[in-house]
Each structure stands twice: as structure tokens, then as C-alpha cells.
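Read from first to last, the chains carry the letters A, B, C, D and E; within each, the first residue is number 1.
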Amino acid sequence: GTSLPNLDVEELDVPAVPSGLVQGVTATEIKVGNTASKTGVFGAVGVPFSAAIKAVFDAYNAREDVIQKINYITYDDATDPSIGQTNVKKLVEEDKVFALVGHVGTGTVGATLPYLLENHIPMVYAATGINQLYFGDTPGNPIFAVQPIYKTDGRIAYARAINEKLFGANGDQKLASDAKVGVLYTNDDAGKSIAAGIIEEAKNQKRENDLIVMSFLTDTTESVVKSMMAKNPDVIIVAGNQAPFNEALIALDDQGSKTPVITSYVNTNASTITVQEYGFDVYGSAWIDIVDPEGTAGFAQSYWDFANLMIASGNAQYAANAFAMAGYVAANVFLSGLQRVEGELTFETFIQAMEAGPIDVPMGGEIDFSDGKRWGIASMALSKLVYTAESVGDNPATADVVETDFVTPASHAFVKVAGIQSLDEIYGR
Amino acid sequence: MAFFIDIVISGILQSAPLALATFAIVLIFRTSFTTNFAQGMVGTVAAFVVTYLLMPSPDLTGLLPTPTFFQYLIAILAGVVVSFFISMLIDVLIFRNSKFISPVGKQIVTMGVVLIITGLLPIVFGILDRSLPRIGSNLSREGVGAFFYFFVDLFAKINIRVGLHTMISFFLSASLLTILFVMLRFTKWGLGVRATASNEKVASMMGVNTKFITAMSWAIAGGLGAIAAILISSSKNTFGNVTTYFMISIQVQAFFSAILGGFSTFYGPVIGAVIFAVLNNLFGVYFNPWGTTVLYLTIMAIVLVKPLGLFGKKIAKKV
Amino acid sequence: MVDYGIVKAIKKINMEVKKGSIVAILGANGAGKTTLIKSISGAVKVQSGQILLNGEAIQNKDPYKIAQKQVLQSPEGRMILRGLTVEDNLLVGAYSIKSTKKEVEVDGVKTTIKLSKKKRVAQLLDVVYGYFPVLKERKKQQASTLSGGEQQMLAIGRALMGDPELLLLDEPSLGLAPLIVRDIFNIISKIRDEGKSILIVEQNAYQTLKIADYAYVLELGKIKMEGKALTLLNNDELINAYLGEKK
Amino acid sequence: MMNLNEKILARDTRRMARLEKKIKFYELEEKDQSNKINRLKNRINQLDERATKRSSNIQSETLLRINAVKEKLQNETSLTEIEKLQKELSVFEDKETAVNDEHHLISLSHVTMKFGGLRAVDDLSFSVKKGEIFGLIGPNGAGKTTVFNCMTQFYKSTEGNIYYTDKFGDVHNLNDFKVHQIIDLGIARTFQNVELVWELSILDNLLVGAHSLFTASFFDQLFHTPKLKKEERLLREKALTILESLQLLAYKDLIPYGLPYGILKKIELARVLMTNPRLIILDEPAAGLNDQETMELAKTIKEIRQTYDVTIILVEHDMGLVMDICDRICAMSFGQRLAVGTPKEIQSNEQVQTAYLGGECRECTRN
Amino acid sequence: MKNIMTILKQKLKNPLYQFIGFGFLLLLIPIFSSFISVTILDAFAKTLIFFIVALGFALLIGYGGLASLGTSSFIAIGTFVTYAALDEFNLPFILTLVLGIVIALLVGSIFGIVSLRIEGMYLAIVTLGLSEIMIELFKNFDDYTGGVSGTTSSAIKLFGTSLNSNQTLILVIVSVVIAMLLTYNLINSPMGRALLSIKNNDSAAQAMGISVIKYRLLAFVVSTVYAVIGGILYMGYVRFSMGSTWGLAISLNILAAVVVGGAKSIWGVLLGTFMIFGLDLMVFKGIDFLKESKWANLSFVFSGLLIILVTMYYPNGLVGLINQIKFKLKKIKLERQAGKKS
């Protein structure tokens, strides 16, 4: 059934920033910190994520022109929100950090948002996309989510599905107005929230009756896919993290599906897609774009900046890690804000600086907090999964990938098929 | 109807690794009277060992290792051996030396083992998740492959699409289980297991080498757990399909299968596993998204009616 | 054959079971009789002293190793294997039966008769079923549902299934009807006559002393008295102190 | 209708039992509690009146039934039907006798217990008088323990009824009670294989025996109100008295584990005495005792009957004991009754001789 | 002065006074909270809250012999009841408590009814299933649970003021003492003995008039009430709860705490809870060496080893250790006295 409850965005008061108040800043030092899951279920997320942040700050501190060095403190919360909360309290009350940079985990972020707001502690980048991070326009709000919010992600995916001239007849037309859109979602934070966005958008378009929404689990993937295929959708949106997404792809392929698939930005990363030549097209939203046909080995310079930093800082094993990229973005967005601060660094000046105008996101587009916009990245590109074999020649992205000491030749990649666009732009409004 | 049959049959085929895991749990339950929470973890170690042998450092670009069928087989064998001995060690080092622990205490001990392995895995194999390709992804249609492809094609003819991996894991599990059942039924080991299960002390007094029986049972369970873990993780053919925690849900499912079938026989739990897998698939489709809930409610209802499981026999207490 | 000495429940006991004899142990409740039996069969550890079986020290060995030396017991409290059927219980008793080779002279020609394990077990099973026909009737019944006396028969039968060289019986007549008690004592005598040794703990002192060759009386874990069974039977001191008035 | 009457009767009886327990506690107190006691006694009387009415209702119903069956019997021609009806008739008549016989305590009426194909108890009837020591003997597997289990509702008998006359003179069918309710009627038992609580000290084991005597509610227990403390104290004293009388005082703080078998059997007996029983059921009380100890036990059992004014039913294979202390004996074999009678009669009964005693009866010569 | 000391000593022999004394000792923590690191403070609070849950659970398993793995979902219910009561219905705290207990009675009865037919290990697994279902429900009833992303709640209001975390800690400590007192009373009552006898030997129990059904239900309900109250306090202190975190791991940890500590002793349970929850939160997470990513996992290894060793060598729990130490001390004391005399 399609009876997915619509997640309500939590109404949180955003207190005004008291001017002058500041902690963690001295003439020679700015203290920042974060808590991340370094052990426990999401251990594999927190470790590379924090390592990248540390690498960026170390590089920054190494610069001679930097007087106020960044003192980065990071704690492990073992994927337990309540420990994450304790860590945040410790950071704020005992370590007296100036800001949180790179806040990891749905639970921890959810648990600490009220506290952060209450204490006016700026938070830059949340490694989750829960809907609580969506505030709309709230000037002075110290929360700066960067990553797209899951719900937005879902809305964009749906908008792409019905607007792009890709999924209709012959693959070069829009979907018919009565075409069916299948949604396969996982029953976790990402899956459910993305699905909620899809349903909301379908309702906005008065096409919710053409939605086929089904949830799947690891061990029911195959039968749910069978059932979905029996209903003949024209396009399938897969809402879920990497692992279930891959499972869905494999199941679809095993069952001989030919229906194109669209997925969340979470999965639009060549390094987390299993290499397999699927019998159908795979699309995904993207806010990070590391592919550049002109770049070295087919990757954009911004990617190489990241990769080289990781290698230089002794983290070569994370040179293609998506979570490390996220940490890299987090640290850089914070630094961009910092550099804009004019005069003395206080909470007020920092927030003003962050809101001063769009900030460039490394490897991605830009994020705009001006006028109090707090909805994460709301514009994304659409990419398509291509294979080396088919792309040689007309797809320079992967044409002459060379082997380096840490990257084996990419046999596949996501290639942009539609530029970074907001919902309005997608609809052509 | 065709759809229904499709789901039932593919459910049965998919249940094979679960059946192995369930059998392993029951084997240990019967000899040591504990539900072994470490069962899944021991299997996980094997999966890590296999990934390590196939690809010592995890690949960064999402390429899964591409071993040949026989390379893969040898790596699996190594993994199974490792789990075999780890599991045996658990019995020899811990359980043999703690005769006075209550069943619940034993459960706690296995939990301790889970913690130790959980802690050691990232230290030994690194923090990043690792990957296993599907078994048979490189298998040609000649030789060994012909056998499996024959069945894949056979099913395809009646419009039931099953992957090669599923087919391989089904045959592997089914033959292992058959061997074990034959052993239990026709060798002294079987009687020893049953006697040990009933009362270890008395069995020992009657000349049953209960130490050997339990150690072997643990070892075999470890090996089975390893195979189950490898089959399950690799079935996903996904980057990062081998993580520290991936067996937890399977383990819970195996417990439930055992409960469903009843701990008092060996065949019961295996059938329980098949039923579990089939119902899981059916409910996942027909009660979406409440499949899991309905599944557990159903099992609960069955267990309430038959507290000892579908095939359970009560050991009567006579006063 | 058995040399002995432990502290706590039983202390510094020296005793001996000669091959082919019945030795009885008598004593009040809590005297340590059961503990004695258990320490021979390895079910409890002895803290000091030695237990020799045919000259080999067996104290503190694993019970199954002792059982494999054909020392089998019918324990106190029956301890039947509850979930198993009657027949399975008996088969467990025969767990360490091995195939045998016997040399026989037939018409001056020596031939070895080989008995496979299976046949041996089948033979023993027949013998036990012969002793206790009830068990045969109930062979597919879950052992835990047997009546008290039937369980006792099962416990004894199970020990016999191991073809014991030394049979340890802890209160074998407990809960048995008079008719069966008589049978049991007959069986015990018969086994002795086959050259096997028996160590028996009994409350039924008169009947026990009648068939026993030698007897020990325990008190508080120590040997209070010992002697030929017939002598003890006529010992008034013993009778008065331990066995109640003479009937 | 019949069932309803019986159910209400059973419920009222349990209520009366509960009130009686309360009275016991008040009576034991130093303070004068006659007010409260009288109030409770009144209540009991009211209930008793009601119960008596129910009883007579039931009785007249029984009579009606008897007549109805008799009538049917006259017109019935089919032999199997006649057999059936005759059995039905005799079940009702047994009840009728139970009600009318003022010495009646407990009787089995055509009780059958089947396990699959096995008839462990087969159409067994006998009746026990108030104040008797009644023996139940028979070969191993004859069904003696099963009879006890049927009486105390551990097994629900497949067929037949078990009638019991309670303190107030009302007759109940025990099959209407659950296992744990049996004790409220004053029936307590020991087990063939010792069944004690291994984690509790001997004293606490006895207090478990007194469980049915406590009247403190859950909240009394939660907050340890004076009421609970008083009950605990009184029952503890009682337990100590009983332990002393059985020479078990030395063991009171030990747990039963590892104690000699004979002691364990005695502890079970002590626990039974804790329950204020009217009927004590003993399953092989002398097992594991030597001759000396058995003789002491015989004395104890007789004393118990005297001091506690109870009826005792026992199973035992030690013929000396049985013949010595029993007033009457029922011998059974293969679930069926062989004979009921005095020890002398039973000993000389040929069937019993062959089935159980084995021709000679050496130990019986003592009598 | 000396007099007072001896009186105090006398009184402290009574467990009830021990519990109250312990409560006063605990109160030092919130009083001196400004000198204590939040990590330690939070760890203390959470451990004490889990201690309350564990006490109820000890009754269930140590006395009733019923191993349930549904504990964490009861705690979760407590947290979500708190959220609903405080934020959705704006109920005062007392009513929250009442609501919690009523719901606990209901849910406890459901679990209890299941437990009537199923025994031992089976029960553990079946209750695990019930808790799986609960987690599914938590995920899907977004309105009261925040669904998959959890929900924050406002603070507990008592006497018109919102309690800050320090004040909530005081509330927790008071609850701990009450829980200890009540548990002590229950296990030293007919109910405690009845449960033990059902656990050991239900035939004997029934023959003595103990209704297995009644007491099993009672045990379940009581332990559920403890867990739900634990959940309410948890929400009061942590002020965030997410359905998916209340899974098997926490139930198992509670079980471990009780078994490792000694299910039949209140102090044992306290010790066990601190070992399982406290050590990790306070000590392991505080050791610098262990913060290093790869070695962070060593804390699991330590916990695991500790659990195994304790269970192996003290099968009846850490109380065994306490008693051993007590015994040794006594012996030393006696020896000294003897020495003095001679």
C-alpha cells in the first residue's frame, strides 16, 4: 500500500543569536569538534569521515598565513545517539568548542539539534538527511546542513522521473501522464524519508494514484522485485542506502527487468555501485560530481585535490571513499565560512558570514544559506551509469582511465545527463 | 497463482543458508543446552577470512574480487576451517571449563564471545567493510557449471527465475545437510549427541566421550555457520557486503526457524527454516510494508498453539 | 582392586573388591556411600588417595574413560536420560562396547569367533530384556514417563548393557516391588558367577549380606567395620547399631 | 445446571478456606481479636449455608440422574449400552454413597487414565475413610503414582470421578479443581522422586509449603506491611516446630542439594505438614531408608495421624511398613484393582501373592 | 559520637538502611556535578536508570527463571509514553507515570500470557520476536515515536519547574532507592519464594498451592513496570529516543548485567549493571589509547573477556566475589582478634 505517513518537519524555535557571545576562540586557536560513529554499526562511516576532516584542518593549519589554528576534537559515539549526545555536551560545555563540523548519524543529529539550538552552537554539515534539518527560511539559525535532505532528494527524484525526456516512449520523451512510477524503499531513515518525499511530490502533481510503493528488506528483495515487476511500472525509484540499492539492482537484473531505475544521491557514486552490466539504465541524483572528461584520468580537478590530500595525509585507503569525501566537504565549507568572517569571530559574525552568499561546495555545486535558507542542497544534477565498454569513444569520462597506485581502472562511472537544477528549474517554473 | 508458486519455490531455494545456520544453532543447543549467540559472529569471521584471501586490501572503486570458481572454493575452505576451529575453541576453552553455568549464563558467555570477535574484526581486518562476489559469477557453462546451469535453465523454463548463486548455495547446503543427517542417524555420534543432550554427566558415566561430542558439535556448527555466512553475504554481490554485523539478522531468523520447527528434533528446525524463508517472502509481498510484523506475529501464534514448535516433542516430566 | 582415600564426605577409606566377588557397602543415611561410588566412577573428584583398577590408577579420570574400562554404574536417583526412549537409554549403556574376538576350540581346532559390535549389542539387549521384560514392552516409550520402579530397572539394565567387569550399584532395590527385588539379587549373583565384580550399596541389609562375599560398614565417611558378609550377618553389634532390630 | 452448582460450591469452599486462614492468624495473635474473628466466622457460616444449599441441590440432581439412568436401563436391550449405563449409574451411586457416608473422605469412582494405548489406571474404584491410614500397593508400573497424580490433578483422569468430602461436609469432584487449588481442600502430597526447591533453604522450603496459608496481598508484600511480617513470623515459628519434631532442625539453613536421600524424603514430609492438611498422600516415603529408619518412620506416620488428626494414603514397596501401619490396603495390578482389605486379608489374597508378593512373603512375617 | 557510630553500624546491617544510605551517597554526584565530567555524569545517570530496569529483570529471571529478550522494547515504550504524555497531551509528570504503569500492565500481561505456555530459552527467543515487532511499530507510528529518526521530548516538570539534567538525576536516584527497597521486599516475601519454587520445581510449587499462571504473569508485569519507569526516566534525562536503537543489544546487555552481577542479589545486580554499562561508558571510552579508531574496538574485547571470565569463575555472579571478599575480611578480623587475645 501507499500509506506512508508523511513525516512532519519538527518545529523548532530558532533563538536569536546573542551578539558577542563566543567560546573556543582565542588569538591562536579555534576549537571545533564532532562526534562520529567510529565503532558500532556505522563504524565504517565515522572513521573515514573524521579522518578527512582532520586532514583538511591539518593542511589548513600547516599554512603559514593561518594564525588562528584549528583545534579539531573528535569523539566516538559507537553509533549510539545517547552517547553522541553526551559527546556533544562534552564538546560544548567542557571542551568549549566554537562549532561542530561534520555531525554524523541520524540518531545523534536528531538527539542534539534542540541542544545545539539552545546553545547557539553553529553546526556545519550533518552526515544524514533527516527531515528535522529542514527549517525553511530561518535567518540566524546556527544549523547549516549541507547534504541534501532526504525528503528533498525524494521530491527531486520524482520530479526527474516525470519531467526528464528519458523515461517515456523510445527513451527520448517524457513519461505519459498516466505512466506508473514504482517506488522501492527500505524501512529505515533514508528509505522512508525519501519515499515520503516522493509521495509528497506525487500528491503535489496529483499523480499519487499512479505510484506503486513497496518496501523491501535484504531477504525479501527478490520477491518484492518480482511483485513490483508484475505491476509493470514505467520507471522505478529505489529509495535506500548503498547496500539495499545494490541488492535491488541485482534482483531486478536477475529477474530480467528492463525498466529504468532512478536512485538517491546517496548511491550516485561509482565507487559504491557493483560492477555489473545491468539490462536497464540506472540514473541517480548527484550533488557531488567527481567526473570530468577533461580531467586527469577522467576525474575532476576538485576530486584530485581531495584524493591528493588524502594520500598526503596518510589516508590513501580513503582516497575514493564517499564518507571521506563528505568529511572533506564539511571541513571545507566550514573553512569557507570562516574566511568570510570580517572582524572578530563570534557566533553572530560566523553565522552572518555563512549567510553572506552561496558557498562553493568542493566537487559539487554550491550551497546557499543566504536569507536564512536552511534546506540543505536543494539542487541536484542527474547522472547516468555508463560502462567503459560502451563509453569508449563518445564518453571521454572513462575513455583513457589510467591505473594509479590506488585507483584501478574504473570500468564504470556516473556521467552527468542533466545539470544541477532545483525543483522549480526541473519543472521549468 | 503462477506468481505465488514462483515466490514459494524461490523462497525454498533461498532458504538453504538459513537452514544451515539453523541446524548449527540446534546442534549446539542439543549438546551444550544454550542458544549460541556467537554462531553468526563465528561465521562472519569466515566471511572476512575469505574476503581477505581473495583481496587482501579492500578495493576502492567498487570492484569486487574476481576469483575463479576454484580459487573461490579454496578460500571458502580456508574460511570454514578457521570458523571450525574458533567454534571448537569456544567449547574447549570456555564451555568445557564452566560446567556449573546455567543455560542463561552460557548464553551470556556466547554474548561475551560476540563482543570479543566484534572488537577484534576491525583490528585484524581494518575498519572498512569488505566485499565478496557471488559464487559462480565467473563459472562457465562447462564442467561444474553445467550442472548448476542445467537447473537454472530448467526453472527458467517454467518461468521461475533463480540466480546461479542461489542454485549453487541450495545444492551445497542440501548435500551438507544430508550428510549430517546420515551421520546423526547412522553413526554412534548421533546417539552420543542425543545422550549428551539429555544429560551430559550420565552420558559420560556411560562411556560417551562427551568432551569430544560437544567439541565436534561446536566445530561442525562453526563450519556450517561459516558456510551460511559466506553464502548469504556473497549472494548480494554488493560492495561492502561483509560487515561485522551482517549476520545478526540472519541469526535472529535462525533462532526463529528453530523455534518454529522445535528444538527437539534435527529435521524440525530445518523445515522451520524453509517455512520461515517462504513466509518471509510471501508476507514481504502480500503484507507490504508490514511483512516482518505479520511474519513474527504468525510465528508467535503458531508457537502459542504449539509451544514446542511444529515438530517438537515434549520431554514429559513425571512426578 | 580399589585402594582409596579422600577427605570431606569420605575420609581415608581403604577397601578392595576382589575379582568375581560381591562387595557390599552399608551405612546410615549420609554415611558417604554414594560419594564412594561416585568417586570410583569419576563423577566426583577425590582430593587425595588412589583408586586402582587392575593395578592402574583411575582416580580423577574422566568418567567416560573409566566407563570404557567396563566399570559401569547404576547411579543413585536413577538418572535416566529423560528425552530418550527406553531402548536408546539402553544403547547408550552399550556405547563403548567393542567387537570381540574369542578363541574357541572346536574338535581340537582353534578357531576365533568374531562378534561384531552390532551383534554384541543385540545379544546384550536380549539379555537385559530377558531380565526385565517390562522394558521390552516399553522400549519405544519416552524414558521419563516410566514409573519409578521401571526407571530403576532401566538404570540397572543400562549398566548391564556395558557388559561391566565391575558393576557399581547404588541402592538398586530402591522403589522396586518385592518380586523384582528378589530377581535383582538373583541377577547380581548370576553376574558374579560369570566372574564379574560387583560393588553394591544397599539399605536392604539382610538380603544384601546374604548374597555378598564381603562387606564394609561406613559411618561418617569412615569404615566402621568390615568383614565377610556372613560374619557380619551374625554380628549383633552391627545389627543393633546400623541395621535395626533383628527380625 | 449441575456443573454450575458444583462450580459455585467449589468457589465458596475456596473462599471459606481463605477466611479460615485469616481466622487462624487472628487466633494466634496476643491481642484479643474476637471481634474480627466473629465477623469472619459469620461470613463463613453464611457461605456454608449457601454451600449446604448447593450441596443438597447437587444431591437431588444426582438422585434424579440415578432414577433417569435406572429407567433407561430398564428399556435398554443392547448389551453394550447396558454396560455403559450401568457404569454411569454406579458413578452416580458412588457419589450418593460419598454424600451419605459420614466417614467418607475420598473415593475413586471408575477412574481410568490412558496414555496413548496404555491404560495406566483402569476403571479403578476404592474409597478411604476419615482418619484411616490407607495403603496402595502393586507391582512396578501398576499405576499407583498415576492414581496419586489423578487425585492431585497433575493428571486429569480420562474417565471417572474422584469424590472428596471437605471440612464442611460438602462433597466435591476433585476433577473440578486445578492442581494448585487442591491444597485449599486440605490435600497435600509428597512425591516419589524428591521434589524440593533446590535454591531455597530447608526452612524456606517449608515456608513454600505454607504458601497457601498466607493471606497478605501483593501490596502487603511490596511494602512489607505489619500484616505480612506477622504472618511470616507465625508461619516461621510453625515451620521450626515441625522441623524440630522431625529432628530436622539442624538442617534448617542448608539447601537441600547434596543432602542424603532419606533426609530429603523427611523434608518433604515436613513440608506437607506445613500446609495444615486433612489428607496426606505419601509416595514411597520409606524408599532409601534402612530398616532402622523405616521403623522410625512408621512410628512418625502414626504419630502424625494422631497429632494432626489427618487421613493418610501411602504407596510403599516395603511390605513390613505397609502391613504394620495401614488400616486398609488396596492392591492393584495393571491399573486394575485386585483387592481391598485389611493387611491380613491382603496378605492371604492369592492374586496379590502371585502378582506382587511373589509367593512367599518374608518380610510380612513380622506382623 | 561513638554512640551514634555504633547505632549507625547497627542500622546498616539492615539492608533497607543500606539502600537508603547508598542513595545518600549517590546524591553526592548531583551535588558535586560541576566538578564531574559530563561523560561520567551521563554514564552514571544512564547506568542507574538501567539498574532500575535490571532490578525488575532480576526478579523475572533470577526468581521467575523467565529469560525475556523484550526488555529494551519496554524501555522504549516508557520513552515514547513520556514523549506522548509530555509533548502531545501535555500531561503532568504524575499522570505520565500512571499512564506508563497502565501501559506496562497491559504490555506486561501480553508478554506474560505468551510466557505461560513457553519456557526457558524458547521464551527468550519468542520475546525477542515480540520486540522485533515493537521496533517495526515504533518505526511506523511516526506520530508518537518520531518514526525512523526518533523524537526529542521536553523535560520532566515536577512541582511546576522543568527539571534540568542534574535535577532529573536526583529524581533517578530517588527512584533507584525506591526500586531497591521494593525489590528487596518482594523477593523476601511469599512472592519471591513462590517464584523461586516455580523456577526450580513447578510440580512442587503447584502441589503447594502456587498458581504458576498467576506468578508468571505477576513477574512479567512487575518487571515491565520497572522497565517502563526506567524508560520514563531515560526520556527525562536523555530527552531523545529512537525506535531502532531499542533492539536486541540493549536487552542482552540488561540480561548480561543481571547474570554477571548475580540475579538473586540486589547489590549483585548493581555491580553487574555498572560492569556492563558503566565500565564502557565511563572507563573504556575515557582511555585515550582506546580512542584511536582501530583500537577503539578493543573496549569490546575487554568487555567480552570480562563477561566471560566472570561468568566462568563466578557462575552465580559477582556477588560471589563480594561474599568471598567479605569472608576473607571476616577471617582476617577473627585472626586478628585471636592474635590480640593470645
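Basically, a contact is a pair of C-beta atoms (placed from the backbone, for glycine too) under 8 Å apart; a residue touches a chain by one contact, two chains touch by 3 or more.
It should be emphasised that the depicted structure is a prediction, and the values quoted were computed from it without experimental measurement.
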Neighbouring chains common to chain A and chain D, by label: B, E
Contacts common to chain A and chain E (chain labels): B
Greatest separation from chain D - chain, by CA centre: A
Distance between the centres, which are taken as Cα means, of chain E and chain B, whole angstrom: 33
Centre distance in Å when chain C and chain D are each reduced to the mean of their C-alpha atoms: 37
Computed distance of Cα centres, chain D from chain B, in Å: 52
Chain B: positions in contact with at least two other chains: 122, 126-127, 289, 292, 317-319
Residue numbers of chain D (touch at least two other chains): 145, 154, 191-193, 195
Touching two or more other chains - residues of chain A: 38-39, 43, 47, 187
Pairs of chains satisfying the touch condition: A-B, A-E, B-C, B-D, B-E, C-D, D-E
Partner chain E, residues of chain D touching it in the complex: 152, 154, 178-184, 188-189, 191, 195-200, 204, 207-209, 211-212, 214, 216, 218, 221-224, 228, 232, 271, 275
Complex contact set, residues of chain A against chain E: 5, 7-8, 10, 38-39, 43, 47, 50-51, 75-76, 78, 80-83, 85-87, 89-90, 93-94, 106-107, 110-114, 130-132, 187-189, 192-193
Parts of chain D lying in touch with chain B, wherever the complex brings them together: 145, 149, 154, 191-193, 195
Touch list for chain B against partner chain A, complex: 3, 6-7, 10-11, 14, 57-64, 122, 126-129, 161-163, 236-241, 243-245, 249, 253, 277, 280-282, 284-285, 288-289, 291-292
Of all residues in chain A, those that touch chain B in their complex: 1, 38-39, 41, 43-44, 47-48, 187, 214-220, 222-224, 226-227, 230, 242-243, 246-247, 250, 254-256, 270-276, 317, 319-321, 406-408, 410-412
